[in-house]
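What follows is a single structure, written as structure tokens, with notes after it.
For clarity, chains are labelled A, B and C in written order, and residue numbers in each chain start from 1.
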Amino acid sequence: MKKLSYLFSVITLMVTIVIIGVLFTSTEALAAQPEGQNKTPKDKIVFSTRLDFTTMDVTNTPSTITKSVYHSVYNTLVEKDVATNEIIPALAESWTMDSPTEYSFILRQGVKFHDGSDFTSADVKFTYERALEHNSSKSKLASLASIELDGDYALKIVLKQPNMDFLDIITDPTLSILSKNAFEALGDEKGIQQGTGPYKYKEWDQGSYLDLEANDEYWGGKPATNELRLQYISESSSRLIAVKTGEMDFIQDPPLSELANIKADSSLKLLTYPSASVELLFFNTKQPPMDNPDVRRAIEYALNRQDIVDGVFLGNAIPNNNIMHSSNAYYSEIESVDQDIEKAKELLAKAGYADGFELTLISNSSPDSQAICTIVQAQLDEIGITVKYEPLENATHTTVAKSGEGYHMDSCQWSGYAFGPDLGIRELIYSSGSNNYAHYSDAKMDQMIDDAIKIEDKSERIAAYKAIEEYSEDVMVVYPICVKNYTFVSGINVEDIPQPNGPIMNYRNLVSYSE
Amino acid sequence: MVKEKLVLEINDLVVNYETDNGTVHAVNGINLKLKQKQSVGIVGETGAGKTTTALAILNLIPQPTGIIKNGTIIVDGKNMLTISESDLRMMRGKGVSMIFQDPMTALNPVFTIGEQIAESVRIHEGVSNKDAMQRAIEMLEIVGIDKDRAYDYPHQLSGGMKQRVVIAIALACQAKLLIADEPTTALDVTIQAQVLELIRSYREKYDTAMILITHDLGIVAETCDEVAVMYAGVIVEYGTLEDIFNRTKHPYTEGLFNSLPNIIERRSKLTPIPGMVLDPTILPDGCVFADRCSYVIDTCRTTFQKDIAVSDTHIVRCSRYQEPGFNIKRMIA
Amino acid sequence: MYRYIIKRVLLLIPILIAVSFIVFFIVDLAPGDSIDAVFGNELSTEDKETMREEMGYNDSLLVRYARYIGNVFKGDMGMSVLFKKPALELYLNRVPATLKLAFWGIFIALIIAIPLGVISAIHQNTFIDTLSTILGLLGMSMPSFWFGLLMIILFSLKLGWLPSFGNEGRGSIIMPALTVGVGQAALLMRTTRSSMLEVIRQDYIRTARAKGVKEGVVIYKHALRNALIPIITAAGTQLGIALGGTVVVESVFAWPGVGKLTIDAFNARDTTLVVGCLILTTALSSVLMMFIDIIYAFVDPRIKARYSR
């Protein structure tokens, strides 16, 4: 008995030593195998992002990863070319704007849904009318007045008022065209799963993975990869390891602290694209002294974008001084003030706060926002403003920020720029905007926004938005900080992941070559 | 003279318990010899070290507190303190077995009583489970428990029944030496007699030697050939029944007799031994009983008392009886 | 025994009602609701308000609760706002993985804890005792996040033996279960140790030794069996906790368990799903506790006697 237990403890000790030993031995030698010569696409690609696919209920989700999946399973009437920012044909082969409120579409013929039913104009009408029935999607089509079918492959859409963003808006994957026949034949639950896209649903194990398989009949040609698996791994370190072991072909959002190591690792590829969202600081104009323009300007002078980009994102972001996202077609370069502590103090004194004051800064639970706030805290300390920082849990943050009570400044991100210029600006700074956390109400601003949406001529319209962007800088109720990068890490055999359209990832053309 | 083979020989046994409150000197130099068929009674107040002596014979002093400081214990020719683990296991239960003092706690609550008896048989007789169980059932019948109860758990039995089960376990393998530590305390008087009779007939059948530990001098008189009177870890007087009962020499033995209720004379007044039992953590220089002895003189407290042989069979650890005019006051004869 | 089980099941109903109310109340206290949490800025304030009205969010807590419980009794645990699927279906989909992880975890914990605890008890206050105590504490204080990642680095990345995520693939259970098990082992080891210390002092252990029973048999048959009740109780509690989900382990290993589901649901203020998860977890744990009680009866005949009364 005694002997046995001694043996046991000796073994335990030895195992511990071996484990520690192996952990600390470097295995660099194992990495980097020679690249394969004959390039055949792998049958299946496995990838992972930070968030889970949430629902197959197309009309009903704000989840960007979910929308990205829809982009592969369905088509919208028209789509956007990410490179040129132009609207391009999809299920609609061509279109004309007959008047500012009238669009005519000619539809693609011979397209089949995954269940085999034919795509016709009735499906478009069915889809849009269905979207209007749902609270969560009807605001997107708020300007839609009627849809008139002209045979199976032509239709006319009439708007209530001019909306030059209409074509952009209908590229949103939640407006993917669904099959009327499939709904009738298969019922709602199965019916909604039938798209026209290059991939079709295979299996969804909620919380685990979603499998898609190639649609051999795809009108745009069969995709190169037979199967896609979107695996849910919420932990960024685990995700990164999974791509290192080769279990994953690519992942999104590795831990930022690992970026340098990833770059150095010859068996991995690091790819970055500007993300869809702008990091913002709101001045709550309902809460004195933030109603004082001098105070806001003073704070603007005190802040420094580059420090945040370096400190929070380790350089993996682009400074953005404009409330418009730099990838939007209506973004213009504008002037803004640079950090100037003396100027800031001067303005504060002018406003009657020579000795500074205390303010409350809130944020949501995103680690980025929290890190931003710490830097803002330090920068404002320079001019004598004491920042009381309260990070809030996401749902709480939305409620508090909407109420406009109990905070002076708010740090969060906004990503509504993917579907034309209007939505991004409107929700942010229009008096009734859903994300107007500055609680800013300015008739001039509202008028400028309402006018800009109706301008037909593109260059005129760009000028109108430039004016809005500059006016926003003037009134300084929202301080744009930067655009963070999306980061992808893949094995070297994976072809570059295509640039996303705003927050919508493009998984249609993923290819990885096996040796 | 042909030396008769000894079943048990204890030489100068010293056992201590190392406790947080100090060293308990439980047994302080005991010598004991036992021949085949012979039975010796050990009597003495609570805490005298009787059970400790018995456990030492089985080499079962509770670890890690109990330490056998000195001495040899030879059972059937084997030194229980130095033989190998496996030999020791063979001796336990087969060479020497023990009826434990407290039947309420001596049985394992999660096994049936049949199993607990059979286990012993299985270990020592090398028989199959089934045969062992058969023997266990026989043993139960011998101690007067219905065989249907073999599959009962200890909590389903009365105290007296448990006592019998404990006895059945001890008797199961016909050990050469049986140690019975107050085997009848849990039993009423009529059953007591039955149980003693049971043990007696069993011993006769198998020529078993026995150490009977008890407070009851009456039982000793009925059952034993010789008597050891223990006090504070020491045998203060040892002799045949005759020696102890009729030729009492030690004041402590006297005290024991005097504190006994006398049923025959219906004497209501008991004479308890005055004073308290010695603090077991202090080992006195002189006589262990000095503090309570009514015959005490100064030298008793300072000089160590040696065993003195009164006769071939009678040993006493007190020098005073030799003095002229010393007379033990015995209330019963 | 049957009557005892029926009694326990009936007792479960008021417990579940109480649990559901408390959870309902707490989720309600937390600022923000599922509409804000799920749809964020996607919807205008008016649209959200209409949705709230439609979904009955504007009714008082009691009304909403009564409606919920009423539906539950009709077998309908409601739809998740986040996933747009029935809460029951979502939960049940995760249960197998959770059960698998919880049981393997506790199994590993026991395999580590019982021998270490027994050895500690036998060698009380010796070097071996101290060593196992230190090992146990190490296991307990090691953050499972860190330990999990360390294992993934070793067994998936460096050695390539085990899959680094998910519950498919050969051996996928090993690392998650080890992480859970090692974390739980320390407490079980301490329980085993103290319980064994208590038991090996008992007279019946002496009786066994006096019969000539081998020391190993004395310890593992006579003593351990008696020491088992507190160990089973502790293991049952740990198992119950693991059934509620081991969120960190689930995150590190992308293990599709109920813990992550519950947290995701709470973050989305998906009251229906949160309450559903917690009610079902409570029910599951209660059933488990009932099994534990039944196991008691097998281990200790005295307890069995009490049940049959």
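By our rule, a contact is a pair of C-beta atoms (placed from the backbone, for glycine too) under 8 Å apart; a residue touches a chain by one contact, two chains touch by 3 or more.
Since this is a predicted model, take the numbers as computed values, not measurements.
The touch graph of the protein chains shown is a line. Legend note: the chain whose CA centroid lies nearest the centroid of all displayed protein CA atoms is C. Each chain gets a centre from the mean of its Cα atoms; the one farthest from the centre of chain A is B. Chain A and chain B have Cα centroids separated by 88 Å. Remark: chain B and chain C have CA centroids separated by 53 Å (rounded to whole angstrom). In terms of their C-alpha centroids, the spacing between chain A and chain C amounts to 36 Å. Contact of a single residue of chain B with at least two other chains is seen at no position.
Of all residues in chain C, those touching 2 or more other chains are 215, listed in ascending order. The part of chain C that touches chain A in the complex is made up of residues 30-34, 36-45, 47-48, 50-51, 54, 82-85, 90, 93-94, 97, 115, 119, 122-123, 128, 131-132, 135, 149-150, 152-154, 156-160, 163-168, 215-216, 219, 251-254, 256-257, 260-261, 264, 267-269. Interface of chain C with chain B (complex): residues 124, 201-215, 222, 225-226, 299-302, 305.
Against chain C, the residues of chain B that register as touching in their complex are 55, 58, 60, 62, 64, 85, 89-94, 97-98, 100, 102, 105-111, 116, 119-120, 123-124, 153, 155-156, 166, 169.
Listed in rising order, the residues of chain A touching chain C in the complex are 1, 4-6, 8-9, 12, 19, 22-23, 27, 30, 48, 52, 54-57, 60, 62, 135-136, 138-139, 205-209, 231-235, 237-238, 241-242, 244-245, 247, 393-400, 402, 414, 416, 427, 432, 434-435.
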